Amino acid sequence: MNQWIAVGALGVVAVGIPLGMMAASSMLRPTVPEQGKSAIYESGEVPTGTARVQFNIQYYMVALLFVIFDVETVLIFPWTVIYRPALEEGVPLVTLLAPMLVFIGILVVGLVWAWRNGAVEWVASPRALKEKTES
Amino acid sequence: MAAFDFAPLIVLLPFTSFFVAVAAAIWRPNILPKGGALPGIAATAGSLLVSLWVAVEVLGGGRTAETVYVWSTGVGDAPELVFSLLLDPLSALMLLIVSLVATLVHVFSLGYMNDEDETGLPRYYAGLGLFTASMLGFVVAGNLLMAFIFFELVGLCSYLLIGFWFREAGPPSAAKKAFLVTRFGDYFFLVGVAGVFATFGSAAFAGPESFPAVAEAALTGEASVRTFGFGTQTWFSVLGFLILGGVVGKSAQYPLHTWLPDAMEGPTPVSALIHAATMVAAGVYLIARIYGFYALLPTVLAAIALVGGFTALFAATMGLVKREIKQVLAYSTISQYGYMMLGLGAGGYVAATFHLMTHAFFKALLFLGAGSVIIAMHHNEDMWDMGGLRKRMPVTYVTFLAGSLALAGIVPFAGFWSKDEVLYEALVHGLGGSPILLAAYGMGLVAVLFTGFYTFRMVLLTFHGDPRTELARNPHGVGWNVKAPLVVLGVLATTAGFLNMVPVHELLGFPPEYLHDWLAHDGGRSAFAGLTSEHYGELLHDWAGYSTVELSAILPGLVSLGLALLGAGGAYALYAGDDPEEHTEKLGAAKTVLYNNYYQDEYQVWLTDSVVKPLSRTMDTFDQGVVDGTVNTVSSVSLFSGRRLRRIQTGVVSNYAVLLTLGLTALVLVVGVLGGWFA
Amino acid sequence: MAVPPSYYLLLSAALFCIGVAGVLTRRNALLFLMSIELMLNAANVNFVYFSQFWGNVTGQTFSLFVIALAAAEVAIGIGIILVLYRNFDGVDVTEATTMRW
Amino acid sequence: MIDLALQTVPGVADGLLPAAVLALTALLLFGIDTINPKEDSLALLCGISVGGSLLALALAGSLLAAGYEATPVYGDALMIDGTSLFFTLVFASVTALVSVASYDYLRDQDYCAEFYALVLFAATGMSLMAAANSLATAFVALELTSLPSYALVAFLKTDEGSVEAGLKYFLVGALASAVLVFGISLVYAATGAMTFSAIAEAMVGAGDVAGVLGLGVVMIAGGVAFKMAAVPFHFWAPEAYEGAPAPVSGFLSSASKAAGFALAFRIFVGAFPVEMAVPMGVDWVLVFQILAVGTMTLGNFAAATQENIKRMLAYSSVGHAGYALIGLAALSAGGPNGNVLGASMAHLFVYGFMNTGAFLFVAMAEHWGVGRTLEDYNGLAATAPVASVAMTVFMFSLAGLPPFGGFFSKYVLFYAAVESGFWWLAAVGAVNSALSLFYYSRVVKALWFEEATVPLEIGRRPVGLYVSVLAAALGTLILLPLFGPVVETAQTVAAALF
């Protein structure tokens, strides 16, 4: 079990150092609360509101597309693992390549569909347009 | 064998008329003259002719059991499911009865429905056609599954026809009650059918592979069947009781008789069809059809006899106090089917079949007669509003009287011979070492007295005395289409009993007992030897332990005749003469007569109040409270628990997740503990 | 210093139970989804370890499938949660109770 | 002829052709929508969808008729045999019915192409579920069925009911699939295998980890029970069926449920054979017995008290899952298992027609603007007699009244249960059937015997809905004479599973 002692010690140290530093600094520093300190830092810009704003829904759409296509690509990974050994074993190139082409083809159909249906176009919402003209 | 080739027509003809009427109802409601009656009449008359032909063929020794259509051959040792025809003396006889009554009912409907300008006639005739076709299909069924299918179709048709006047309040609920109560019995039947298949691998009625034959072989040890861990006899009895469940529901036996009086809400010709030849008869016919199976099971037989005897008595007492003419007839039907069950349970296969036949004639007659009275009375059914119809409707009166004499069991009308034989069989088998039958016999005997009483009370109140209302003074006339069926049935109700006059045969040595001979022989075909009354007699003797004592048929016949006459006389003493109230008004001075009338009235009140009413009321309370109560409790408990159960569905998806998790955990625990994972 | 298989089973079971607890207690649809992701990943722990334990890659490959399908599920789920937000003005799963019993 | 056609498709096993046709049809629909996203020609889309599903139906039917031999394809990942083709028949016919019916339903909707594509993707998933031969393909196929289904249920984006239904379906579904995956991982932990035959072989040596294996098996059972809508995994069903567009309800409650059963039959018969699992203490038969009894009872009891027809049908569909579960619950080592399982399959087949038909009738009523409660149906027969006759056929058939198809399937099912010695399952089923007659007959009574409270105006006779309702009714009736071949086929292919 002694190897676990090392792991535990690492944990203790990992938690202890930051805690200790924060404790030390709070004991040493002067405490001057001021409004500017708790204000949102926007690189010098004056913040227009809180950080808890609602994002435009289209951020999610793009993010969703990304997540899906990104994760689907993971499925190419097992194929690449067997690709070279299988070729060396004498499996015909077509047999090896065709399934992956079909897979990617289906993904492409989906992507093109999403594209044509306007999933990646940035449509300014009426409200956003209104706000823009007002400001 | 030409006749047998045409036998499927017996079923198909009314079925075609059903389609014609349905098609007419959907596309061209007015295309058919008489609202579709004529195709129905033609079809049922055609069935009757073919049935006659079949009967002649059977008389000449012809028998057949053939497969018409194979549903499924099954895989491996799974049984075949087939449609098959079985034509033997029993089914040939029943075919004649059903097709005859159905034809007459169709004709009568011309007067009862068409002439009264009812609407929806195509629907009515479609129902009648399907009803007839289903019953005929049931009669020719060659196996239990096919019988069950048609049995259910009969129930469905009764639902459609009882609820014919669905815009009124009563008929739909009566239809529903009839449907549900009989269905309740049928579910037992269904399980029974499945059980028969599982046990014997076949549900055929006839032949060496038939399930009665296999059952017999299994009891002697010559064949092995699956009995699911029960003793052979015990398991067979369980099956017998399950099938009996369907019979009790359809034949309106205690305690599932409650639907039948309500079913009077349907049109009267339908009542005639239901009670005389089709739905109610189906139950008794089913037992007769597989009598070779029941004859092996003394427990079930005793139960059948007791249920029958009790129902006969119980229904007869309730018939004593009813006001409406059709209600009296309804209770008499229950009572008469009780006799048939008694006959079957007591080993009187021929007697019960005989009573089934005579009852079909005289009860159809009585219902049609009542229908004629109802037409005349402008659809008023209260007997206390009638009286004196004798002079105004002579044909109806005479035929109705013939039917009543038959119902009451007065010699020489048909009912006497058959009822007497049923009671005789119960008595001789009871004395021959099955004392339990004596109790059933006793109940049947007492019921004879009551039957005589209520029958003649009905006749006297309806036809005799003075008219009590304006309606009864000027009744509506009835046409030939009402009278002709009445006359045909009147003749049959008078003479049908001569087919099997046991006491006369004993006394004089002739005429022959035609029905006994008809049912006793296999026509030289050994495959049908298992379906004869001779064979049933042997089975009853060997397995049910029924033996007979030597006893003259004459004395018991005289006893029951005496009781019937006593009952009839009682009714005569109470209800003969003119109506008390009317009488008092007209002859205010005639004090003696008034006194007599008063005395009658008092006596009647006393009799009903102190004897009959409490009895009936007790029966009624029992009926309403216990029997209906049980049924209602079951349904309300179901609905209540249903309402509780649906509350689980709270609509909050988190709760579903909780319940799902808990359910899964419970499953894991149960399987885990039983499977020893945690050991 | 091989870690015994039962430890991995316990780890994945613990993850799974945390997920279940989240499902049972959270009313926010997004957190509900995240809890389910946790349960899926509990399964992935099993797959990855036992793939190595049995010496075949079936389990590891399958865990890739699980990840991909989880992403697809999230995509559908976010879509449904969006229309939920529009119709019920919130993402509280206990609010949508127009149908019950 | 078929054989020739099959030779020309490289890389696709001929038995997979029905599934491939379904998938290609869905892709084709996507393609059409891609070319012209704004203007959907509903007739074209509907035609393609119906054509594709009918082609799949014909292919599956002819392969089945030709006596397709069981062939594992793609390294044992899928198994094409009679069972998979039989179920493909069910899925393809329900898909065709639903596609035709949706024609009228979608008339005023957007995203019609997506609707049809999703239906066909789900159908593809279902036929793969029926062909799954490995836990991996089983899970992927199940998700391929589920994900489009979630979207379909929530299809009416602005309708509160539809969205709520979609949410509940999705959340419960996600939970169930997490349970399923965890179950699979435990089975993999205990056996180190994914394909069914390998698991069955490895079970011999897994005696000392029976607990892990058993837990996994029960969790897998839970995961597929979600698809079947069996108690206690049914909670989504009443709401999803009630809130979803009625054609989708019909699709889910018939085809998706059947797919759940197909998968369960495959997994449990193939991977955990009764004669091995039960002695080990992994008594999944017991699990299904509990589920069957609970499902039958709860479904029918809850249905009996419903006033909303769609919800009543939803609960009745839960009840029918209970009947079909008898197929798994009445298995025993050395029993007539093929008969039981085949009877259950035949019941699902008949059920596919009658239940879809009933939901499509509800769709028609919704189309006319008739309300959803029983009272709103009063006197509908006077206005729409033909459709009401069809609905009556469905109701009586669902109740198991002869002479409709539902009677035979239920009869054969109960008979098979009795034959295997599980008479008590048949008894519970029979009692529940009796209760079910009560609520089915209420619908018939409302249609025919009650007076309409408000005069009903029917503007248009929707062609598509009429065609599909009548086709379903015809199917229910034709299965009367044809039931023999159906049940024989089902029992033959089921026997081949053991």
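Quick notes on this structure:
Letters A, B, C and D mark the chains as written, and numbering starts fresh at 1 in each.
In this text, a contact is a pair of C-beta atoms (placed from the backbone, for glycine too) under 8 Å apart; a residue touches a chain by one contact, two chains touch by 3 or more.
All values derive from a computational prediction rather than experimental measurement.
Looking at subunit B and subunit D, the chains that touch each of them are C.
Annotation: 79 Å between the Cα-based centres of subunit A and subunit B. Separating the centre of subunit A from that of subunit C, both taken as means of CA atoms, is a distance of 18 Å.
With centres set at the average Cα position, the gap from subunit B to subunit C is 64 Å.
Centre-to-centre, using mean CA coordinates, subunit C is 26 Å away from subunit D. Residue positions of subunit D touching 2 or more other chains, listed in rising order: 167-168, 171, 175, 179, 238-239.
Residues of subunit B found to touch two or more other chains are 646, 649, 651, 653, 657. Touching pairs of chains, sorted by label, consist of A-C, A-D, B-C, B-D, C-D.
Residues 167-168, 171-172, 175-176, 179, 210-211, 214-215, 218-219, 221-222, 231-233, 235-236, 238-239, 280-284, 286-287, 290-291, 298, 301-306, 315, 336, 338-339, 342, 385-386, 401-403, 407-408, 411-412, 414-415, 418-419, 421, 423, 426-427, 430-431, 433-435, 437-438, 441, 445, 448-449, 451, 481, 483-485, 487-488, 491-492, 495 of subunit D touch subunit B in their complex. Interface residues of subunit C facing subunit D in the complex, by the touch rule stated above, are 5, 9, 12, 16, 19, 23, 29, 32-33, 36, 39-40, 42-44, 46-47, 50, 53-54, 56, 58-59, 61-62, 65-66, 69, 72-73, 76-77, 79-81, 83-84, 86-88, 93, 96-100. Of all residues in subunit D, those touching subunit A in their complex are 10-11, 27, 30-31, 33-35, 37. Looking at the complex, you find that subunit B touches subunit D at residues 26, 69-78, 81, 145, 148-149, 152-153, 156, 163, 166-167, 172, 176, 179-180, 183-184, 187, 190-191, 193-195, 197-198, 228, 635, 638-639, 641-643, 645-646, 648-649, 651, 653, 656-657, 659-660, 662-664, 667-668, 670-672, 674-678.
Within the complex, the subunit B residues that touch subunit C are 646-647, 649-654, 657-658, 661.
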